[in-house]
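A, B, C, D, E and F are the chain letters, set down in written order, and residue numbers restart from 1 in every chain.
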Amino acid sequence: MATKGTVLIVSAHAGDFVWRAGGAIAAATARGERAVVVCLSYGERGESASQWLAGKSLEDIKALRRSEAEAAAAALGAEVEFLDAGDYPLLPSRELLDQLVTIYRRVQPTVVLTHPLLDPYNGDHPAAAKLAIEARILAQAIGYDAPGEVLGAPPVFFFEPHQPEQCDFKPDVLLDITAAFPAKQKAMECLPAQQHMWDYYTSLAVRRGVQVKRNAGPNLGLPVDTKGEAYMRFYPQVTEVLE
Amino acid sequence: MATKGTVLIVSAHAGDFVWRAGGAIAAATARGERAVVVCLSYGERGESASQWLAGKSLEDIKALRRSEAEAAAAALGAEVEFLDAGDYPLLPSRELLDQLVTIYRRVQPTVVLTHPLLDPYNGDHPAAAKLAIEARILAQAIGYDAPGEVLGAPPVFFFEPHQPEQCDFKPDVLLDITAAFPAKQKAMECLPAQQHMWDYYTSLAVRRGVQVKRNAGPNLGLPVDTKGEAYMRFYPQVTEVLE
Amino acid sequence: MATKGTVLIVSAHAGDFVWRAGGAIAAATARGERAVVVCLSYGERGESASQWLAGKSLEDIKALRRSEAEAAAAALGAEVEFLDAGDYPLLPSRELLDQLVTIYRRVQPTVVLTHPLLDPYNGDHPAAAKLAIEARILAQAIGYDAPGEVLGAPPVFFFEPHQPEQCDFKPDVLLDITAAFPAKQKAMECLPAQQHMWDYYTSLAVRRGVQVKRNAGPNLGLPVDTKGEAYMRFYPQVTEVLE
Amino acid sequence: MATKGTVLIVSAHAGDFVWRAGGAIAAATARGERAVVVCLSYGERGESASQWLAGKSLEDIKALRRSEAEAAAAALGAEVEFLDAGDYPLLPSRELLDQLVTIYRRVQPTVVLTHPLLDPYNGDHPAAAKLAIEARILAQAIGYDAPGEVLGAPPVFFFEPHQPEQCDFKPDVLLDITAAFPAKQKAMECLPAQQHMWDYYTSLAVRRGVQVKRNAGPNLGLPVDTKGEAYMRFYPQVTEVLE
Amino acid sequence: MATKGTVLIVSAHAGDFVWRAGGAIAAATARGERAVVVCLSYGERGESASQWLAGKSLEDIKALRRSEAEAAAAALGAEVEFLDAGDYPLLPSRELLDQLVTIYRRVQPTVVLTHPLLDPYNGDHPAAAKLAIEARILAQAIGYDAPGEVLGAPPVFFFEPHQPEQCDFKPDVLLDITAAFPAKQKAMECLPAQQHMWDYYTSLAVRRGVQVKRNAGPNLGLPVDTKGEAYMRFYPQVTEVLE
Amino acid sequence: MATKGTVLIVSAHAGDFVWRAGGAIAAATARGERAVVVCLSYGERGESASQWLAGKSLEDIKALRRSEAEAAAAALGAEVEFLDAGDYPLLPSRELLDQLVTIYRRVQPTVVLTHPLLDPYNGDHPAAAKLAIEARILAQAIGYDAPGEVLGAPPVFFFEPHQPEQCDFKPDVLLDITAAFPAKQKAMECLPAQQHMWDYYTSLAVRRGVQVKRNAGPNLGLPVDTKGEAYMRFYPQVTEVLE
């Protein structure tokens, strides 16, 4: 609706936004929109097993994850910020919440992407989602004391977790990322320690692409190699046309 | 997506489409789309209490409901067909299903509107919804023996029942019907026996309009008197843009 | 609310009403209300294993189940009717539905008790519940062609199935049946072939009684041997006092 | 059941109890019961947009909201207390929880009203509800160190949120507030900054009143202008009569 | 538990058992168990698009699907029966139900596999599942008039539908089919018209295999190329060991 | 699967593990497995009403509960540890979480038992469950700084709460504890202050035993006095055989 929108991605760890929302981000920036990724932590403890096995120090691991995430964001055409709030566990705090409110007011997102609210395999993901939602609500209130203009009501989408069914993740939006997929692939390749994930998320993009075609119907002429990403809306869609 | 779409509305009784989807229908025809309403029954037994109290015969009641529905459809710019399958109860049958498949193939809808799948107060509504969904699936199969081209995969939306929470109706689409509301109002006035419903559904349109504004955010400049209708999607939305 | 109410119990088989709703029935008749039990079948195939093992004929089994149910109903102070629609499976039909509508109009119940809508162990129970609900809706419509006055809107309660959690049975009403329990016990003893059930349902009454006390609070001075039955409402409670 | 009960209302902000439970409160006090409202905050940041726009100071806003809430409580015949715990966000704390336990023990409510446990639009509402429930449990334990008698087991009702379906709010109690409505109206008029809400909640009372009539049935002779409020039970109802 | 079990697979169409349960079937027969597949229809109308496009007749299509299914069953070491009840729609009937009961009594399965109860894309799948469950209940009743011994209580597992999340399919059993996968692959290759499915279901087996490893834990030494199939239980598991 | 497993039980209060999981624990130790019970608190405030009424001091109550729990654990063949984190409320903290992670790494459980995630009657139970789950996740991460080996992926089972339906507790595992029941009985008798619970949980064991038989089927020859305990899985079962 807005001529030039801004996507805000709230990611628990440094890599999450690449695997789960890389297509949406690349598609937005390709349309000329702004995309801002906020990594609440580097994923230094919970998602860096190979570096710990290699005997790296905490600071080295953080630096590595940061540089990888910066490269991946660049490949997607996105900006990236790091709040370094610590992971495993990612603990909510008044300060972290306030930082997020300030970012919302500064960035003025028209769309927000984050983790779903349930994940039996990773407590940081729901923690990040709750912070993202709570901060969005606070940023809307003129009485909340933070710099910047009051926020509108950007829609919030949850991106796909690793084991979707166990997270009660039922896709209600299937995003066609066929054109954006090469950029996502480049971004994934910025994370060389998780090479097995490249295949995994390519295969998932094919799977979701099959569903894009199945749900769109044959008459739209979608190509054989359609790729997709799945999302859930947290708020009802507002629209002028049912389609 | 299609330049000129076609909306198919599958309605259990002759009046349902007016109260619950009149705004969506009027908006579609105002955009130049085609709208085809299929009334499975006239609502002659279950939704014509005042006529029965007035001592009318079954045939008179059917004729009255038919002419009212024709007038209301005209006010919305829609075509209307009647299958006269009987109501209270509306019983599914192989023949009725086949009639619906044939309509799907003939009309080639790009969007389908019908009742939700649960209604503890009215068994005909879920019966109509199940028929609408089953027929849509059959019409997609080349092996199903009925005239006309095979159907694509039109999205299905459930319109709002009378007591939404009791029907597990959780709106995931809020449709702005502000511009279409005068036409809906005219259509409602074609049903004079249910005058108390005019106010009820106007008040509901205001209530859903408040939610349209609340969920769209203040920055969209929606007018004070925004009107809305609420819908649920049965299949995931397919899109190229998250918004 | 009504000074003298009437309870209608729609039971799939001849014994169901005793085990699951005997307390509620006895309590109602003790208050001077009327109770009418409708057994859709005798449970001759699905719930008469010991008689089949004993080599009884179908007609003998039906007669036995009928006389047992009559005795049990008498012990509860209730009337009982048998529709002999067959069980295992209990098949819905237009005729059976119509019989039920006619009973609703004749009996004019102020409260309805029946099975819950889900039971993975017994398809007849949900079938009976669906018939009971559908017939109640039809009986409310002046246009439905059946003798008798149009029905009001009696609340519907689901009684407890054998394996409640597997049937998504979450009690929202705990009925104190302490005073009515001796009558229920007598009614259970009218079903000698299922003697192991006497203990089972006495133990269940104790268990639900503990919950009655737990949820009522200590200040009500309920006795140590409080007995209970659990129910689910199908429609919202209408009341003038929150309590 | 108790001859003279006491209703405790736990409200996140100063105005919530008026819009959502004003009818229940006025009905209780009209019956001679006591009603005690506890406002955890004044709603000074999250629900006072017009005052912030008018340039008021935090202290002025709190004082204004307090005096309005006092006037509204008086109009409903209720007492009101303010815990001034801050809003947006309302943060749970050991101290706040302890204050609530002390109030429960002092007030000895026979009924508790609070917000539902889910609200995607306002994090303070669920926070208040969780505190109200947790404090109720603690107040029941003799081992919890707080003054006053141990609490019984008062039922807890959730009042209706602004967008009920999005909060998984499925009414299971419809309260007839027809007689209490004039008092609720007076109380609403004590909150002049939210004049648009007067209409909104009057319209909602009509809507819930229609459902009161629909679910009670025609035979009860409810008036045309029946008004209602909707509630959800958190614990099962304990009763001696199914009705 | 039983030394030599028997798996009964109730499949709506001729191909379903291959894609969705081929691994479980091959694993069972490799252990020396018996596997019996019952295809309620050939899938002649709904799942044979390419043959219809090629201008084949109904009888030719049925014959083709039958021979393919026989070959696939052989590759899995399973027997197969065809009830030819028609598809699109697969209509439940007393006769079909009775045929299934007779099969249950004859085959005496110790495990049952079938479709899940919900599928918004294919009405035949839930119809088959409901028949399979209803027939299992009837076959347990001594009073049901059919040849053979009364059935025990075999557990029922739902196999994975094409779009699992849309079918409320939440896997609660992850089956390791690594050793059985070559047989499944051979069976898939017996269905040459759906060659694109070979890849799709191989990719799914990898995906479920990743979850097998993730949920089993690293200490079990599962190989890198672990393959899996996902299932839902319809009844609670009975066991002597929690593991 | 492991030749000699280890069961870890995370219990909010000192008595919980006896009533709810005593059978599973006794069965495990009888098989030669190790069982380690961790009591987060003594239940000194919330579950020691009779001692408070008898005028005991806080320290005396803790000592009493500790010695009872030690005796009960001994009767079950289990070890027991006490973290003394306080109850009513049991407050989560970084320290408590860290203590649990350390225990996980030291004990290396192959199975975990804890409370379910919802309990409207007791906030400590879900608090304990959340801690148990979060600590299990952290203990799996090599980057989490705690002594001991990294944890595998032990399955987590929720044991049965006092009012199962109100806690959304739907048993998906029914454990046969017939052989272990005498040991459970002895353990219960170590808790003399709650003598009324002995009967209550014996009666529950009978009830769950009936369900064990019902779901296992008659062909397994289970004895008349089969006893059971009910559990819910938090993660999907991984298996090589569907049974």
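Please note the rule applied: a contact is a pair of C-beta atoms (placed from the backbone, for glycine too) under 8 Å apart; a residue touches a chain by one contact, two chains touch by 3 or more.
Note that this is a predicted model, so its numbers are computed, not measured.
A.B. asks: Work out which chains are contact partners of both chain A and chain D.
C.D. replies: B, F
A.B. asks: Report the inter-chain centroid distance for chain B and chain E in whole angstrom, where each centroid is the mean of the CA atoms.
C.D. replies: 38
A.B. asks: Whole-Å distance, chain D centre to chain E centre, using C-alpha means?
C.D. replies: 53
A.B. asks: Enumerate the residues of chain E that touch no fewer than two other chains.
C.D. replies: In chain E, 121, 166, 171, 211, 214, 235-236 touch at least two other chains.
A.B. asks: Kindly provide every pair of chains that touch.
C.D. replies: Every pair of chains in contact is listed here: A-B, A-D, A-E, A-F, B-C, B-D, B-E, C-D, C-E, C-F, D-F, E-F.
A.B. asks: Sort out for me which residues of chain A touch chain F in the complex.
C.D. replies: Checking each residue of chain A against chain F gives 44-46, 48-49, 52-53, 61, 88-89, 91, 120-123, 166.
A.B. asks: So in the complex, which bits of chain B are touching chain D?
C.D. replies: Going by the criterion above, the answer is residues 121, 162-166, 168-171, 200, 203-204, 206-207, 210-211, 214.
A.B. asks: Any idea which chain F residues touch chain E in the complex?
C.D. replies: The touching residues are 1, 5, 7, 24, 27-28, 31, 110-111, 113, 152-155, 157, 171-176, 211-212, 214-220, 230-231, 233, 235-243.
A.B. asks: Within their complex, state which residues of chain D touch chain F.
C.D. replies: These residues of chain D touch chain F: 94, 97, 133-134, 137-138, 141-145, 234-236.
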